[in-house]
Amino acid sequence: MSGCSRNEWMTVAAARLLRDKSVCFVGIGLPSAACNLARLTHAPGLVLIYESGTIGTRPQVLPLSIGDGELAETAAYVVPLPEVFSYYLQAGRVDIGFLGAAQIDRYGNLNSTVIGPYDLPTTRLPGAGGAPEIALHARQVFVMAKASKRSFVERLDFCTSAGYLDGYGARARGGAPGGGPRAVITDFGMLAPHPQTDELQLVALFADASVEEACAAVGWPLALADAIDTIAPPTPHELDTLRALFARTREAHACPVHLPLAPEGLP
Amino acid sequence: MFFSLADAIHDYITDGASVALEGFTHLIPFAAGHEIIRQRKRGLHLIRMTPDLVYDQMIGMGCARKLTFSWGGNPGVGSLHRLRDAVEHQWPNPLELDEHSHAGMAAAFCAGAARLPFGTLRGYAGTDLPARNPNIRSVTCPFTGESLAAVPAINPDVTILHAQRADREGNVAIEGILGAAREAALAAHTLIVTVEELVEELPPAMNAIVLPHWIVTAVVHCPGGAYPSYARGHYTRDNSFYQRWDTVARERDDFLAWMEQHVLRTSDHRAFLTGLTRADG
Amino acid sequence: MFFSLADAIHDYITDGASVALEGFTHLIPFAAGHEIIRQRKRGLHLIRMTPDLVYDQMIGMGCARKLTFSWGGNPGVGSLHRLRDAVEHQWPNPLELDEHSHAGMAAAFCAGAARLPFGTLRGYAGTDLPARNPNIRSVTCPFTGESLAAVPAINPDVTILHAQRADREGNVAIEGILGAAREAALAAHTLIVTVEELVEELPPAMNAIVLPHWIVTAVVHCPGGAYPSYARGHYTRDNSFYQRWDTVARERDDFLAWMEQHVLRTSDHRAFLTGLTRADG
Amino acid sequence: MSGCSRNEWMTVAAARLLRDKSVCFVGIGLPSAACNLARLTHAPGLVLIYESGTIGTRPQVLPLSIGDGELAETAAYVVPLPEVFSYYLQAGRVDIGFLGAAQIDRYGNLNSTVIGPYDLPTTRLPGAGGAPEIALHARQVFVMAKASKRSFVERLDFCTSAGYLDGYGARARGGAPGGGPRAVITDFGMLAPHPQTDELQLVALFADASVEEACAAVGWPLALADAIDTIAPPTPHELDTLRALFARTREAHACPVHLPLAPEGLP
């Protein structure tokens, strides 16, 4: 499919990883688009949970924030946030956790806390949010992040969420309930952990991307899988669905909001 | 039981107090935060899972000395520039961070609501957070011997919520996305709730979310009190305000000018909203 | 997902399993308990905060080897004679007790639902219960040094609930008094729910109580399945049945004859209810 | 008031102890009657909590069981039971706990577990229920129990709920959050703890009861307060209200319940 952006391709590639009827804990941004694309195409039974406490939500437009009204109105039900984390995520009832991050290392550990030293950071990032426990408990984690030597780094400035730690089975030995990051979808293709070392290696490329591009975008010597797949371009149906979703979203977010200002004299 | 917002903030928020304004995207008590700024409260220990624009404003206006939080950003937009400036450059003053994950803070609020001294979770494993926060410790299961993460209970001096309705007794009804608002309310020593509507009597609640009048300290009638956040059934979130805030808050001078015009020089939330209408027009 | 009651009990309850039939006065799954008796399940570890008539029946019919509970009586009437006979005279077999308070069991169910190995409470202080139950221990707060009571999580092999409605996906909606039903459901490895009604789609729930289809193992359509307990919106509690039970259960022979006639010789819950109509008429 | 029973007088005496707007955790039986009588007479703002999770309930008839439908239908709201115990009772938000028991000792400790040894009891009682933590956390506890040498005993067979333990400040030294049993309402009058020793002493008698009757009904040498009050008989309004409540209750419970049996052929 010509004329699709890498962003779109990433989103489509991520969506394809989601099986129907999976229970999916969704982060905002690219993961939210991918999850909803999957739900609107091959996985209508996907159960989406947002950390605001909306469970089984089926938004018609993408939320700007994780607690948008659209998520509540289209949810099967809405629970207090502590229950989402204890009774669902920690209880092992989430199949897929979908995360982004500012930095990722070769073992899939993630940083969304600070760039520079913690006490005097050069860039203070938003912080952990739900990520540490999503990374710990979800049966599988998918990560979406655009690659650059500043984001795919040899050494994290801060470890916000554990991937495979130092690799070679360290995560499993530590007793983490969930399986860790099974795929990293980025703007040249996909990385996945090596079965023995846990190190992320290049397993698939977009049709118009090259191994050289991939290696150049990653801040460590990128290992290559024995066979590197080519990720099929978005089908017209996938791309149309995604673009329609974004168009609906833009339209909804452009709707002017009336200030909640009662006429003078009214309470 | 029933107060003006100015009186409630004046009577119950003292300099140095720990204060949680909760609500999760939904029902963020903006009006109350602005009144805290107007009354120039200082040295507050601010608590909130997701410090939002109103926390950016309070921090930038010098109200806070400490922040307990788990995610501090402008949702879907980017950074909170005033929070960043405080952490990166101690402007307008240093800000001590007590940083958690959502799961950790949820456990801490639940423990606070239950008046237990700590909350337990399977969390933080393999992360750098415990090394940076002495408030993240471990506890050993007396049955299995497993080690689990422990966080101290959060019991704010004052919790402030915004909700849809209160009745004449002061019972408060909330519907829609809650975040940890209920637990933050139950954990507080003093609970102030601003509401869209005062009604004679709440409809039968059955299993809905209600804060009973005898745990509510003050009720304030404050229509639009969550704007630019939203109140289900009353008004929607003003996403464009969140997007514009990125520009307003980026530079100190622009920020101060905006706060001066829209918050410090307005007498109350109605005047704040009216001022925005003019600015838009 | 959708089963007959006989199949659900046959497929999911094995001899020796730990089984919680929850509901608090309201929505007690009587039909399911009767089917357990009909299928002559043995050696069960029964779990329930308030063992009710249906537990008296299962214990008297020899289904149980152990009981985890916090209050075992006929509410407002008096003793559960079969439970007493089992504890006082080991009839029809010895019954091991794992005895708690309501607060302790609630903490244990909550821990089970959250998959924590233990629950913490301020409880049991000054009582003889910890001396009699090695499952009541203490844990030290890693922040304040306080000692608190600890109970091991309850994670039943099977939890059985009765509820008002399930939809075609298997989502279950419950309204009214819940007791610890929701936590017992979330704590279970297998969850069976008998319901009054199957509907195409549940109404929008917002903050109501729902068990999502992906935590429900089996749904059984079983109208009247909570009788003589009640189902809000469907039928009321038959207090007179509870009062009559005091006579039925007092002597072993009367009890066995009643169970033979009403449960063992009836094929299903509909036949049980029909049989009662005849007996009343 | 002539012609009232001791049961009625007890209930009225207990009701009078409840101040308007108190938050009261109610046990079934006599306590439930007393609390609702108070609500229907001098304390309309009394907040009643039953352990089933019904909060602010205003039943028109007395419940037979702690989870009757009447309690839910007339409640301000209904919460899961764990929240009642953790977010309300344990959180110190209950003013009054109202308990009964099979045995009570001179320090207000209660037994509702077993008569005889725990492992082989002569009488297995229902057990603790909510009582241990109500006794621990409520700001004040009131106990209602008919007196006899078998129920007001020198030594409990089992301590289910702590009163003042061994007395002389033992409860307070142990750090119990609540204040302990402030009154025991029984069928000859009322006992209350001595300010120093914590021992229950006779503080009030019904007008037709005597100190001798009281001492004879109690299984330990009953101490007498310096001044022993006389409990005023029920007023006509109190007694009418109580009898009307019981009459409504009998009538409601006598209503035949239809078996939930759908006609053959219907689901």
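Per-chain numbering from 1; labels A, B, C and D assigned in written order.
Rule of thumb we're sticking to: contacts are C-beta pairs under 8 Å (C-beta built on N, C-alpha and C of every residue); 3 or more make two chains touch, one makes a residue touch a chain.
A quick note: this is a predicted structure, and the numbers were derived from the prediction, not measured.
Within the contact network of the assembly, the step distance from chain A to chain D comes to 2. Comparing mean CA positions across the assembly, the chain most remote from chain D is A. If each chain is reduced to the centroid of its CA atoms, chain A and chain C end up 41 Å from each other. Mean C-alpha positions place chain A and chain B at a centre distance of 27 Å. Touching of two or more other chains is recorded for residues 115-116, 121-122, 176, 178, 206-209 of chain C. Listed for chain D are residues 72, 78-79, 86, 90, each touching two or more other chains. Taken pairwise by the contact criterion, the protein chains fit none of the simple patterns, being neither a path, a ring, a star nor fully connected.
Interchain contacts (touch definition given at top) occur between A-B, A-C, B-C, B-D, C-D. For chain B in complex with chain A, the residues that touch the partner chain are 24-26, 49-50, 69-73, 75-77, 79-80, 83-84, 87-88, 99-103, 106-107, 109-110, 121-129, 132, 176-183, 196, 198, 209, 221, 223-224, 227-228, 230-232, 234-242, 270, 273-274, 276-277. Across the interface of their complex, chain B is touched by residues 21, 23, 47, 55-56, 72-73, 75-79, 86-87, 90-93 of chain D.
Remark: chain D residues 28-29, 51-54, 63-69, 71-72, 78-82, 85-86, 89-90, 109, 113, 118, 120-133, 136-137, 158-162, 165, 171, 174-177, 253, 256-262, 267 touch chain C in the complex. Partner chain D is touched in their complex by these residues of chain B: 113-116, 171, 186, 202, 204-208, 210, 212, 214-215. By the touch criterion stated above, chain C contacts chain B in their complex at residues 115-118, 120-122, 135, 137-144, 146, 148, 150, 152, 175-176, 178, 206-209.
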